[in-house]
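Heads up, there are several structures right after this.
What follows is subunit A paired twice: with subunit B in the first complex and subunit C in the second.
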Partner chain A sequence: MKKMNQWLTVLIFVFLYIPMAVLIVASFNTGKDITQFEGFTFSQYAELFRDEDLLNLLGNSVLIALLSTAISVAFGTLAAVGIHSMKAKMRNVVMNLTNIPMTNPDIVTGVSLSLLFVFVGSGLLGQRESLNFGTLLIAHVTFGLPYVILNVMPKLQQMNPALTDAAMDLGCTPVQAFFKVIIHEIMPGIVAGGIMAFTMSLDDFVISYFVTGSDFVTLPVEIYTYTKKPIHPKVYAMFTLLFALIFILVLAMNLMQIRGEKKRKSDKVDSKGVMIARRVVAAILAVAIAVGCGFLIFGNRREKITLNVKNWGMNMADGTDDTLDLIAAFEEKYPDIDVKMSYYESNEALFSQLSNGGITVDVIIPSDYMIDRMIKENMLLELNYDNIPNFSKVDEQFRNPAFDPENKYTVPYTWGTVGILYNSKYVSEEDVTGWELLWNEKYAGKILMIDNSRDAFGIAQYLLGYDVNTTDKAELQACADKLSQQRPLVQQYVMDQIYSIMENEEAYIAPYYAGDCMIMMENNPDLKFYLPQEQGFNLFTDAMCIPTCCKEKDAAEKFINFLCEPEIAGANMDYICYATPIGEAKEHMEEYLAESEIIYPEEEVLESGTAYAYLSEEISRYVENLYQEATKISASGSQEEESEGSGAVVVALAVMAVAAVLLMMPKKKKPIK
Partner chain B sequence: MSKELIRLRDLTMEFDGERILDRINLYINDHEFLTLLGPSGCGKTTTLRIIGGFLNPTEGTVIFDGKCINELPPYERQINTVFQRYALFPHLNVFDNIAFGLKVAKLPKEEIAQRVNHMLEVVSLKGYGHRNIGSLSGGQQQRVAIARALVNQPKVLLLDEPLGALDLRLRKDMQIELKRIQQAMGITFIYVTHDQEEALSMSDTVVVMDKGRIQQIGKPEDIYNEPKNAFVADFIGESNILDGVMLEDYKVRFFGRTFQCVDKGFAPNESVDVVIRPEDIDIVEPENGHLVGTVTSVTFKGLNYDIIVEFKGFKWLIQTTDYQPEGATIGIRLNPEDIHIMHKSEYSGMFGDYSSYSAEYDELTADAADEEE
Partner chain C sequence: MKRNKSVFLSVPYMVWMVIFTLIPLGVVGYYALTDPDTGVFTFDNIKNLSMYLPVLGQSVAYSLVSALICLLLGYPVAYYIAHRQPLTQKILYMLVMLPMCMSFLLRTLAWVGLLQDTGIINNLLGSLGLARVQLIRTPGAVILGMVYNYLPYMILPLYATLVKIDNRLIEAAEDLGCTPLQTFARVVLPLSVPGILSGITMVFVPAVSTFYISQKLGGTDTVLIGDLIERLFKQGDNPNLGAALSLMLMLLVFICTGIMNRFGGDEEGGVIV
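So, the complex of A and B:
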C-alpha cells in the first residue's frame, strides 16, 4: 500500500510537470519545432534578449503584476482585518461575497469590467480613451484582492487574539498594534496571497483582453494575437525563464517559512543575510511602485505623438530573421511619432473591439469583406489621398475594389489566394484536379481542413459552382451537406497548427493561404501548391484603413504612405510572404518571392479568383451555425485517433482520482502502548 | 492597608442578552493583592477585562484614583496585564518583548536597556535577553510575561490565571515568586484564578464569585472559616453541609441531636445550613461518639486519609491521619468551634453531600475548567 502511494505520487508529479518539461526542452532546441529535436542551443535566449518589444511586453506584465499585487496586498490585508473583526454571521456573508469574484468565470468579469470602464470613461467622463493603464490595473486588483483576503483570513483566525490586547495593554493604539504585532503574525498569509495575486496577474489573459487599451499591453494578450504563424521559439525561452522565476519565488517562500518555523524553536537571532534579503525585496517592491506611479503620472504626457496601429499578428516586418524593422525605420523618419502596435486574431475580433469602443486606434488592416461591413456601418474615416502620394504606386487592378468602389477609405496592403497545399510524395498528380481533392477518399485521415466558416464554405461553393457571396439558403445548405460529407475524411480542422502537421507529413492535403504555403514549402520541399483555376478560388485583399476612433489622422496617413513606398513594401513582403499590390516593390524584394507563381499567379489565373463580400449579419450567423453543425464530431464517427485520445484522458483522470483518494486515506495508526 | 485605588460600582455586563456580570460592587486598595476566585464562567475574567479596558461594561462605572475611566482605552490606562496564555509576541526575542511597552512610549535607548535588564533580574531571567520566545519553557515564558507588564511600572497589574498552564510544582514555585515580586515592587495585583488554594495562599483579599455575582469578600482565613453560603463553603476547601435548625443562640439541632456551637444572631428555629469541615472531625470509639456511622470507602491522600462515613443514610467526608478500614464502625465528636452555621441560600442543598464522592472528582472538574478557558 505504502509503495503504491509512493508510485502514485511520482505519477502525479510526472503528470503535472511534463508540459513544463516539454516547454523547457523546446526552448533549447535548434530544430524548427518540438517534433524534431536537433541539438542544444542558447540562441533562443540570445534572441529573446535582443527582442526589445518582447522584453518591453514582459516588463509591462511584470510592472502591472507588481503594482496590482502591492495594491491588492495593502487593501486586501486591511479588508481581512476589518472582516475578521465582524461578528461571525456577518463575516461568513462577507467572505462568501469576496469569494464570488474568484469563482466567477473570468470572461464574465472581463466583459463586465470592460462595460463599466467604457460606461464611466466614455459615458460619464467623456474620455476618448477609456481603456488604459489605469483600467487594466484596476481590473488586476479586482481579481488579486480576493486571493489576499482569502490567505490572510486564516492567519488572523489562527492568531492568538490576546496578542492585540497585549499590544494595546502595552500602550499601542490599534493602528500601532497592527503594525507592530499583528502584521508579523499574518505575514505568511500576506506573502502567500501576494504571490498568488502576482502570478494570477502575470498570466491573466481573459480579463486583461477585455480591458486593455492601446497604450499598455501585457504579454499574454499580445501572445494570443500571434496566431497567424507559429509561436517563435524565443517565446519558449521567455516562458522557461518565467517558469523558473515563479518556481524560485515559491521555493524561496517555502524555504523562508521552514526557516522561520525552525527559528522560532531555536535560539538563533535573524542572520544578517535574511535581514538584507528582506530589505532587498522591500526595495524592489518600492521601486516597482515608484516606477508604476511615475508611469501613471508622466506616461501619458509624452511630447511625441502616439500612433496606435492594430494589425494581424506577425503581419509586419519587425527586424527578426534579418528582415527590416519597419517600425524603427518609420520612427527614424518621423522622430516625433511613436508607433504602438497591438494585434487582433480575426476580422471579427477587430470588429467587436472597435464597436465596443473605449479604445483609440489610428490604423487597422482588415480584410476585404470586413472593410465592406465597416464602411456600411460607418466605422471608417475617408482618407485624404493628398497625404498619401504613394497611392499612385498601387497597381491599377487593385484600385476601386468591390469593397471600396470609389476608393475613398482604403489603401491595399497585401493580397493573396487560397489554394491547396499537398505533399507530392504521397499524393499522385492525377488526383490533383480541383477542390474535389479534399473529398478524395483515398486520402482519408490525411486531409486537413481550414478552420473558419468563410473559407470552408468558399471552398464548397467553388466546388459546387455557386457564387461565393450567395445568400440563398438552399445553396448554403448544400454547401453544409458537402462539408459534412467531408467530415469523416478530415484529420483535423486547423489554422496555425497546419505548419507543423504538413511539414512533418502527418497530413498530406490542406487548403491554406498562399503566403503561408510558401513558407511551409521552404521547410519541406515535397510540398506543392495548387490553385483550382477552373473552379475558382478566393482572392483576398487586406487593406489599410483609418477607423473613426482615430486621434492622429495625419500621422496615420503618413504611416500608410510610408508602407506604400516600394522599398519598404518590398522589404516588408520578405517577412510576411504575401503579395503586394505595389508593382515597383518587386524590385526591392527577394527574387524568389517576386518571381513566385504561387504568390503572384499569372494574370489569367487571377481572373478566375473572386473576393468575398460582406454577407448580412443574419447570413453570417446562419453560415456559422451550419459550419459548426457540419464539422461537429459525430459520436459514431471514424475518428479513431480522437477517441483513443479521449480514452487516454479518461484513464489519466481515473488514475489521478484513485491516487488522490489513496493519498487522502489516513495512515494506519500504530497501536498505542 | 492604604487608600482606595479602584472602585467598581454596579458593574453589569451583558452579551447577547445574557447577563455575565450582575451589579458588581468592589473596591481595591493600593498595594493590595486581591484575588477574584470562582469557577469558570463566573465572570471573574470579564471583570478583569473591564478593568483592563478591553471590554466596556453594559452598566456601571470603573473608578480609578477617583476618576471614572470607562471611556479610557487600554493604552491610556496605568494598568498592565499578564494574559492567560501569556500572549508574548512570537516575532520578538525576550529582550524586545519586555522592551515593547517602553519602546512604544519612546523612552531613550539607555533607559530601556537598563530597565529591561533590571526586570530580567527581578524575574530571574538574567542573560536570556537574546533568546527566542519559542525556546523558553512555560515557566520562563510566564516570567517574561510578568516582566513585560511590570517594566512599565503600572499602578495595577492584572493577572488572568497566569499559572493555569504550568504543572503543579512550577505553579507552587511561581506562587511564592509572584508574592515576592508583588511585595518588592509595591504594586496592586488583581489576580484571577479558579484554584482556591492559590487564592488563599497568596491574597490579601479574596473575592469569591459565581454566576456573575460576588458571593463573599474577605481575608483568606475569614473566607475559609466563615463561609457565607453553601457555594463558598464547598468551593473553598471541602465541606459537609447539613440541614439544621437554629434553636436559639449557640444551639443548633441536626441529625436528631442538639449541638453546642459558637454562632448567634439567627431567628429562633430558623432552618440553616450547617458546615462541618472534614478535617475538624474527631474520630472516637463508637460508644463515645455524638454520632455513630460506618466507613464505606477509604482513599490514601498522602498527608491523610479521605474516608467516607455513612450516618443514617448521609455520607460525610472525614479527613484523618488514623487509618480506618472499610466497614469499620466509628464514632465522631463535634466541638462547638467545629460547627459553622449559615443562613439558607439559593445554593442550599446543592453542595456538601458526599454520596457520589470519588477521589478523582475534584481533579476532573479542575481539568475541565482548564480546558474551557
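So, the complex of A and C:
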C-alpha cells in the first residue's frame, strides 16, 4: 500500500513536470518547432535579451503584481481587523461578500468588471480610454483582497484578545497597540496572504484578458496572442528563466523558514533575522508603491508619443528571418514616436474590440467589407491626404475602391485571394477540383477550416453557387447547414495557428490567404496552392484606416505614409508575401515574389474573383449567430427546441437565481461561544 | 467600546467590494436583459440560452469527471506528502505549488506538442514502429488538460486537512483492531471530507469555465461554455448574449459551491491556496 502510494506520487510528479520539461528543452532548440529537437543552442536566450518588448511586458507584470499586492495587503489587513471586531451575524455577511470573487469563475469576474468599466467609463463619464492601467490595477486588487483577508482572519482569531488590552493598559493608543502588538501577531498571515495575492496577480490571464486596455499589457495576456501565431522560441527561454528564478526564490524562502524555526527553538528571543526580513518586506513594498506612483505620475508624461497600431498577426515585417524590422526603421526616422503593436485575428474580432470600446487605437488595417461597415457606423476618421504624400504611389486601379468610393478614409495596404492550401504528399490531385475538397470525407480529421464567419460563409456560398453578398436568409441558412455538415470532418477552426499545423503535416487541407500560403509553401515544399476559378473565390483588399478612438492622428498619418514608401512597402512584402498596391514597390522586393502567380494572378484569373461587401448590421449579426451555431454548438436539432424551451429557460434561470441566493445565505447555526 | 470603533476600519474595504464585485454582477444582469442594438429591455438573450444548454451540460460533465479524477489521483499523493518528515513535506508541497506559478497557457501549449498527431508521443511511437494514435482533439485530451492544470488545487487542500489529522486517532483505531483499510475508511476518510469538498470545488470552478484548454486540446465537438463566452465578447460582437451566458454560468457555480458548503458542515474546511 505504502509502496504503491510512493510510486503513484512519483508518477504524478512526472506528470506535473513533463510539459515544463518540454518547454525547457524547447528553449535550447535551434529549430522553432517544439516537437522536433534539431540542435542545442543558447541563441534563444540572446534573442530574448535583445527583445525589449518582451522584457517590458515582464516588467509590467511585476509592477502590477507588486502594486496590487501592496494595496491589497494594506487594505485587507485593516479590513480584517475591522471584520474581526464585528458581531457574528455581520461578520458572516461580509465574509460571504469576500467569498464572491473567490467562488466566481475568473471569466465571469473578468467579464463583469470589463462591462462595469466600459459602462461607467465610456457610457456615463464619456471617457475615451475606459480600460487602462487603473482599471487593470483595480481588477487585480479586487481578486487579491480576499486572499489577504482569508489569511489574516484566522491569525486574528488565534490571537489572545488580552494582548491588546494589556498594551492599552500600559498606555498605548489603539493605533500604537495595532502597530506594536497586533501586527506582529498576525504577520505570518499577512505575509502568506501577500504572497498568494502576488503570485495570483503575476500569473493572472483570464481576468486581465478582459480588462486590459491599450496602454498597459501584462505578460500572460500577450502570451495568449503569441499562442495564436507560430510562437518564437525566445518565449520558451523566458519561461525557463522565470521557472529557474521562482524555483530558487521559493527554495530560499523555505530554507530561511526552516532555519528560522530551528533558531526559535534554541533561543526563544525573536531573532534578528526575522526583524531584518520584516524590514526587507516593508522596504520592498514601500519601493513598489513609490515606483508605482512614479509611474502613474511620470509615465503618462513621457516625451514620446505612443502610436497604437492594431494589425493582423504576421502582417508586418518584424525583423525575423532576415527581413526589415519595419517598426524599428520607423522609430529611427521619427524618434519621438513609439509604436505599440497589438493584434486581432479577424475583421469581426477587430470590430468587436473597437465597438466594445474602452481602448485607444490609432491605425488599423481591416478588409474591404469591414471598412465599409465601419464607415457606415461612423467608426473611422477622414484622412488628411496632405500628410500622406506617398498616396500618389498607389496604383490607379486601387484608388476610389467600392468600399470607399471617394477615397476619404483609406490607403490600401495589401490585396490578395483566398484559396486552398493542400499537401500534395497526402492529397491526390484528382480530388483537387474545387471548394468541395474541404468537404471530402476521405480527408476527415485532416481538414482545417478558416475561423471567421465571413470567409467561412463565403466558401460555402461559392460552393453552393450563391452570390457572396446575398442577404437572402434562406440561402444563408443553407450555407450554415453546409458548414455544420462539414464540422465532423474538420480538425480545427484556425486563423494564424495554421502555420505550424500545415507545415508539420498535422493537417493536409486548409483554405487561407494566398500570401500566408506562400510562406508556408516555402517552409514545406509539399504544400500547394489552388484557386477554384470556376466556382469563384474571394478577392480582398486590406487598407489602413484611422478609427475614431485615435489619439495621435498626425503620427498615425506619418506611419501610413511611411508604409507607402516603395522601398519600405517592398521590404514589407518580402516578409508578409501579400500583393502590394504600390507598383513601384515591386522593384524593391525579391524577384520571385514580384513574379509569383500565386500572389499576382493573371488578369483573367482575377476576373473570377469577387469582393465581399458589407450587408447590414442585422445580416452581419445573423450570419455571426448562424456561424457560431454551425461550428461551435452541437449540431443536433436546436431550431425546434428553441421555440418550446425558450420560455422555460427564463423560468429555470429565475429559479436558479433564487436557489443561488438561498444557498449563499449563512446557515442557521449555534452561535460560537 | 473600542470594538465598535475598529469596525470602521473595514468600511473602505466593504465599499470597494460592493463597487467592484456586487455592482459588476448587476451590470452583467443589465446587459443580459437588454437588446444589443437598441438597449431596450428584453428576454431574448435569456431565451436564446436554451440553444446553449448542451454546451453547458458538456462543460459540467467534463469538469465533474476532471474533479473526480483529480480526487482519485490527488488523494494518495496528498496522503503520502502528509506522512513524510516535515522537511520533505515542505519540499514536496513546494513542488506541487510550483507549476501553478508558471504560465498555464504555455504549459497547455506544451501538451499540444506532446499529444498532436505529429507530436512528441506519436513520433516516439512511430520510431518504435508502433501505430500512431489519435490523442489530441478528443474529450480525453480536454479532461487531461483540466486534470493537469488543476490537480494542484486538489492536492493542496487535501494535504492541509490530512496533515492536521491527529496521528493518535489512527494509532487508537489500529490498537482497537482496525485493519489499515478500515482505519482509512472509518477514521481518515471522514476526517478529510472538508478537504475533499474544497478540493472538488477548487477544481470544478476553473474547469467548468475554462476556455483555453478546450481551444487547444479539444476538437470541433468539445466546445465548452467558456469558449462561447470568450468568443461572444472578443469576436462575436454580442456582449449581451455573452452576459446572459456568464450569468447562467455564475448561477450554476454558486449553486454547486453552495451545495458543497452545505455538505461540508464546518465552514472551516475551506482551505485557500
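One rule holds in what follows: the second predicted complex is superposed on the first by the 499 of 673 C-alpha atoms of A that agree within 3 Å, B and C clash if a C-alpha of one lies under 4 Å from a C-alpha of the other, contacts with A are read in each partner's own complex, and residues count from 1 in each chain.
Here, contacts are C-beta pairs under 8 Å (C-beta built on N, C-alpha and C of every residue); 3 or more make two chains touch, one makes a residue touch a chain.
The shown structure was predicted, so the numbers you read here are calculated from the model rather than taken from an experiment.
Q: Between subunit B and subunit C, which makes contact with more of the residues in subunit A?
A: C
Q: According to the stated criteria, A:E629 is in contact with first (subunit B), second (subunit C), both, or neither; which is it?
A: second
Q: Thinking of the overlay built on chain A, is A:L251 touched by subunit B (first), by subunit C (second), by both, or by neither?
A: Once the two structures are laid over each other on A, A:L251 reaches subunit C alone.
Q: Touching A:N160 in the superposition: subunit B (first), subunit C (second), both, neither?
A: The answer is first: A:N160 touches subunit B but not subunit C.
Q: Mind working out whether A:P19 is in touch with subunit B, subunit C, both or neither, as first, second, both or neither?
A: In the superposition, A:P19 contacts subunit C only.
Q: Quick one: classify A:K408 as touching subunit B (first), subunit C (second), both or neither.
A: After superposing on A, A:K408 lies clear of both subunit B and subunit C.
Q: One more residue to check, A:S112. First (subunit B), second (subunit C), both or neither?
A: So A:S112 only meets subunit C here.
Q: Just to be sure I read the superposition right, which of the two partners does A:F239 touch: subunit B = first, subunit C = second, or both, or neither?
A: second
Q: Is A:K425 in contact with subunit B, with subunit C, with both, or with neither (first, second, both, neither)?
A: Touch partners of A:K425: none, neither subunit B nor subunit C.
Q: Report for A:D169: first if it touches subunit B alone, second if subunit C alone, otherwise both or neither.
A: first
Q: Determine where on subunit A the residues touched by subunit B overlap those touched by subunit C, and list them.
A: Of subunit A, residues 168 contact subunit B in one complex and subunit C in the other.
Q: Can you name the residues of subunit C that touch subunit A in the complex?
A: 2-14, 16-18, 20-25, 27-28, 30-31, 36-37, 43, 46-55, 58, 73-74, 76-77, 79-81, 87, 90-92, 94-111, 113-114, 116-120, 123, 134, 137, 148, 151-152, 180, 201, 205-206, 208-209, 211-212, 216, 219-221, 223, 226-239, 242-243, 246-255, 257-259, 261-262, 272-273
Q: Which positions of subunit B touch subunit A when the two form their complex?
A: Touching subunit A from subunit B are residues 52-54, 73-75, 79-81, 83-85, 87-91, 93, 100-101, 104-105, 130-135, 148-149, 152.
Q: Under the stated contact criterion, what part of subunit A meets subunit B in this complex?
A: Going by the criterion above, the answer is residues 160, 162-163, 165-173, 176, 180-181, 184-185, 263-269.
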